[in-house]
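You will see chain A twice below: alongside chain B first, and alongside chain C after that.
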Partner chain A sequence: MSAPMAPAADDAVIGREGLAALVDVLRARGFTVIGPTVRGGAIVLDELESAESLPYGWGVELEAGQYRLRERADGAAFANAAGPQSWKTFLHPARVRQWRAERSDGQLTFETDDTPPPRFAFLGVRPCDLRAIAIQDRVLATGRHADPVYQGRRSGAFLVSVECTEPGATCFCVSMGTGPAAGPGYDLVLTELADEGGHRFWIRSGSPEGAEVLAELPGRIADDAIREAAREGVSAAADRMGRAMPSVDLHRLMAGTLEAPRWDDVASRCLTCGNCTMVCPTCFCTTTEDVTDLTGDHAERWRLWDSCFDLDHSYLHGGPVRPSSRSRYRQWLTHKLGTWYDQFGSSGCVGCGRCIVWCPVAIDITEEAAALHDWANRPADNGAAPE
Partner chain B sequence: MSRVMPPLPYRVTATHPETADAVSLELLPAAAALPRFRPGQFAMVYAFGVGEVPISVSAIRHQDGALVHTVRAVGAVSGALCRLRPGDVVGLRGPYGTGWDLDSAAGADVLVIAGGIGLAPLRPVVHQVLDRPRRYGRLGVLVGARTAEDLLYRDELRHWRTSAQVEVTVDRPTPGWQGTVGVVTGLLDRSELRAENTCALLCGPEVMIRHTAQALIARGLPAHRIQVSLERNMRCGTGHCGHCQLGPLLLCLDGPVVDYAGSQPLLAVREL
Partner chain C sequence: MNDDRIPTLAVWKFASCDGCQLTLLDCEDELLGLAERVRISHFLEMSGAEGSGEGEAATLAGVGPYDLSLVEGSVTTAEDAQRIRRIRQISRRLVTIGACATAGGVQALRNFADVAQFRAAVYAHPEYIATLATSTPISAHVPVDFELRGCPIDRRQLLEVITAYLAERKPNISAHSVCFECKVRGTTCITVAHGTPCLGPVTHAGCGAICPAYDRGCYGCFGPSNSLNLESMVRQLKHDGMNDQDVMRVFRTFNAASPEYAALPTLTGQDAAAEEEAR
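What follows is the complex of A and B.
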């Protein structure tokens, strides 16, 4: 594998040096390349100066409330399910200054920051996260008032998806219809193979820019054998999902169980810490912070990630609308699985399992949904109709 | 690519103390003006360095583009707004939200029912109906307040009586009060409600809205002929901050004015 491939190739096979070239080509094209790397005992997302920073040989062990790295003998780079961060960290930043205001001589002037946002290339976007980006597109970049911060970062982004061949015990993308094969929206997509045939990646383009980049990579023409092996790897992953969301109409289930006793049960466990909302790749809530300097003549408006688990989230004069943890957990779950359909036409859950992994008390969204379903379908007591 | 839209500077041209803790601010654009507001829509009003709050417009003066916002001091931002003096400048973003659907009220009696500061978002409705009397049937204005001192727009209420049925009630009578005492639903018995052709518009505390809407339904008014203006925390006004959710509704986009038929089941769930 050495010479760049003919530009006409729709798909190809690259090796580790092809992946290294991919990072170099993207950087040469002016992208800030973001991808997975090992730091602080986790696989995090950070800027990659070269493909050498990828988590080669690292896998993860996931369970409710647990995340552990473990070494892999096969040297695979992407055989690890979702880490604590998602791409919203870059597209919908946790802290962003919206404007500055200045008061002088009885005037008030507002200024915005017009520096163009970085152009990101995301390397290693899981199919679940690819869907999550599409969902945030719908929430933040469409409708009457598109969010310019998100739009600016998103419109220039180049997405390299990686199909899932190694789901975690907390993964349930199959039941959410989001993986393990990549849906639309990528510029390039990789399927990693690390077996007796060697360490290689089947790569396809999904956009004209993706095809241009692909043509610059050293590799070889794909054949049916590699396509077959890659598809088998992905389809085997579908059979190894650790969890499943109940296959029922969740939108209806959520609307019909607002007074279920299960909310009290989950509230007795939930710490309302908001971890689930921070790690969720689709949660988008923000709050604002207004600051002034010591002269009192310069003020700034900042936008920060917020969580519906915070008491202030629903604060109205007089107090919060949702004072109980029962109502706050219910808001999160019914929004994610139910009212998201009303607001944005789809589920807000992509089955990545992050909320299960990073919950300090191991609350499992699939288990809570199943319990609500059981309650909704409980046998009627003494012939009385269910409420 | 669209840019972040900061607020536009608006100058306070007059302040009218309405009650002990509510002030009407008359605002004129310091430079560029926001698009036209419709009754029931709101602006995000920025008090320099303190923050922004959503406030429904309480009067729209089309001649000179003046907007009036009636603010009750209940927190840091609203408190700062209530302390403004003529000449001060605020930031405004908007118009946001649905507004009252007055087209559906054409040809019908219009019944405005307000509790407390809830009269503010309804005042532009009264103005519009009084301006175009032939477009609507009879106008009724029922107002409830904690005490007589908490009544908004007292001079205007007197003026409205010349062309509308205006009824006022207070929760607690203070010395000198000779009018009605009790909740606003009690006033319904005084209004000659033609249930088959009335459009009711409600704003006030949520408990008042629910009881009043139920009382109207009990008198034969269909739920879809009742519009209510609801309130939730709002940070952006543009459907992105997630704070103003009421079940499926994002009240900054789908509200604040919503149809009672659709919102009734949501208002029935505690802490939704």
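What follows is the complex of A and C.
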């Protein structure tokens, strides 16, 4: 593993030094490289100055409402499932200034921000998140309401996907059809192997730019043995999903259970804190704030993440449309799993499990959907008196 | 500049520690700009303003009228109850600043105890102390235009309220949970990642989620959010290692008398315990 590979190779094997080179090559090409790194007791996403900051030897133990780092003996960098943030932190930032206005001599001038957007390379995009980005593309980058901030950041982004070989107890991508193998949309994709054969990555390109980058990496030509070992690792992961969404027509399930008593049950637990929506890689809602300075001569409009769990999110003249936590949780779930199909032609959930992990009171979307399904399939009430 | 057209600002103190008023003085960079936009007409914490050299009546109730009154502190004496009515009469807009003025403050702990007993325990001559049995928020006495939370208040939020007043717009002050601010700030949730008990999910945003950013659970100094599920929060705090008494204590601090927390004794079994004791 040393010399750069022939440009023709569309798959290869790289080692840790190849991964280090990948970060360097991307940085040299002008990308801000974002990837996983350990901070504050979690694997967060942050700018990587080198591959040294990757979470080598760190795994995670996930449960509803609980996240713990665990050391791993195999030194793997990507044997950990989704962390507290998603890529929307970078593509659809929590705070964006949309315009400024200045007033002088009675004249108002408006100024939009035309600083060129950062060019991101994302290292470690999980298959579920790859799908989540495609879903946000559909919502934010296309159609009548395309968002220039998202478009600007997204169009220059380089995606390095990493397939999953170590799913968490809260993952259910298989039942959502999004993983653990990577679907389309990546520039490069890696499958990590850390076993007797050593620590190595099977890497393939998915775009011309990906192929160019691949050609610059030190590595060796892939053979069938590595391809098979990698595929096996990923298909074994598919059998180790911690959770599953009920395999029913979710759109119908949501539409048919609007009056289920389960909504009261979940409302008795839900804190309406909004954590689930903010960690969800597809949730996109925002609100705007107009700020002025003391003189009133300078004004700015900011866009901020918002959540359907915020009471003010549904505020119309006279009051909020969804005052109860029941109505807000129901709004969230029925949009995510139901009306998202009507609006955007797919599910709004990719099965990453973040909302389960980061809910302080351990509310589990798969469990709620299953309970609704059970209710929908309850034995028919034939009017007979109970025995 | 025509001085007559500059709105007047008054700052009033009731039972409090002065910390929220100091937040205004803390606006070092903005203070000069502020002084150009409003005439600070009554502010005892800052010398030189009207009232400071005048008679007692002017010092305590001001002469007014004022365009904007910021009120710090809670009502704990009969005189205070009178004075706040007078202040309301001479103020076009009245904004309370901080937990004392908004919820009664830490001194509202007296509301759950016998104030005569406190008085006897603390003062050598309790007969000299004239005080009410309760510490109540300003809104219990007069209509309030806006309530700014926090113990102490946040500097940026105070400026926002004053700026919004000047621009005649609604202040951008969110009433949702502190969790929103953790997420915007990029703080990893310490409840989920470390098991640290945190009141953030039921606490009013505004501080910028300072405590979790320093690995410490929110203890609710901004008081209840606009949508709280106390029962579920109490269950979770106990799951994270607090006992009933801990839970009671953590809520019974700066915003102890918030009506939103009224169910606490029931939720923590403390009312049953008290009954037992009484028997």
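One rule holds for everything that comes next: the second predicted complex is superposed on the first by the 382 of 387 C-alpha atoms of A that agree within 3 Å, B and C clash if a C-alpha of one lies under 4 Å from a C-alpha of the other, contacts with A are read in each partner's own complex, and residues count from 1 in each chain.
Criterion: contacts are C-beta pairs under 8 Å (C-beta built on N, C-alpha and C of every residue); 3 or more make two chains touch, one makes a residue touch a chain.
Please read all numbers here as calculations on a predicted model, not as lab measurements.
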item	value
Touching partner for A:Thr89 - first (chain B), second (chain C), both, neither	second
Chain B versus chain C, judged by how many residues of chain A each one touches	B
Which of chain B and chain C A:Gly296 touches, first, second, both or neither	both
Partner chain in contact with A:Thr272 - chain B first, chain C second, else both or neither	second
Touched partner set for A:Val321, first chain B, second chain C, both or neither	first
Contacts of A:Ala20 with chain B and chain C, given as first, second, both or neither	neither
Contacts of A:Arg68 with chain B and chain C, given as first, second, both or neither	second
Residues of chain A at both interfaces, chain B in one complex, chain C in the other	290-292, 296, 312
Chain C-facing residues of chain A, complex	39-42, 44, 65-68, 84-85, 89, 94-95, 267-275, 278-279, 289-296, 304-305, 307, 309-312, 325, 357-361
Chain A-facing residues of chain C, complex	30, 33-34, 36-37, 159-160, 162-164, 166-167, 169, 172, 174-177, 179-180, 183-184, 186-189, 191-195, 198, 200-202, 215, 226-229, 231-233, 235-236
Parts of chain A lying in touch with chain B, wherever the complex brings them together	98-99, 101, 103, 106-114, 139-140, 143-149, 151-152, 155, 255, 258-259, 284-288, 290-292, 296, 299, 301, 306, 308, 312-318, 321-324, 326-327, 331, 334-335, 338-339, 342-343
Contacting residues of chain B [partner chain A, same complex]	1-9, 30, 46, 48-52, 74-75, 78, 87, 89-91, 231-233, 235-236, 238-243, 245, 247-250, 253, 269-272
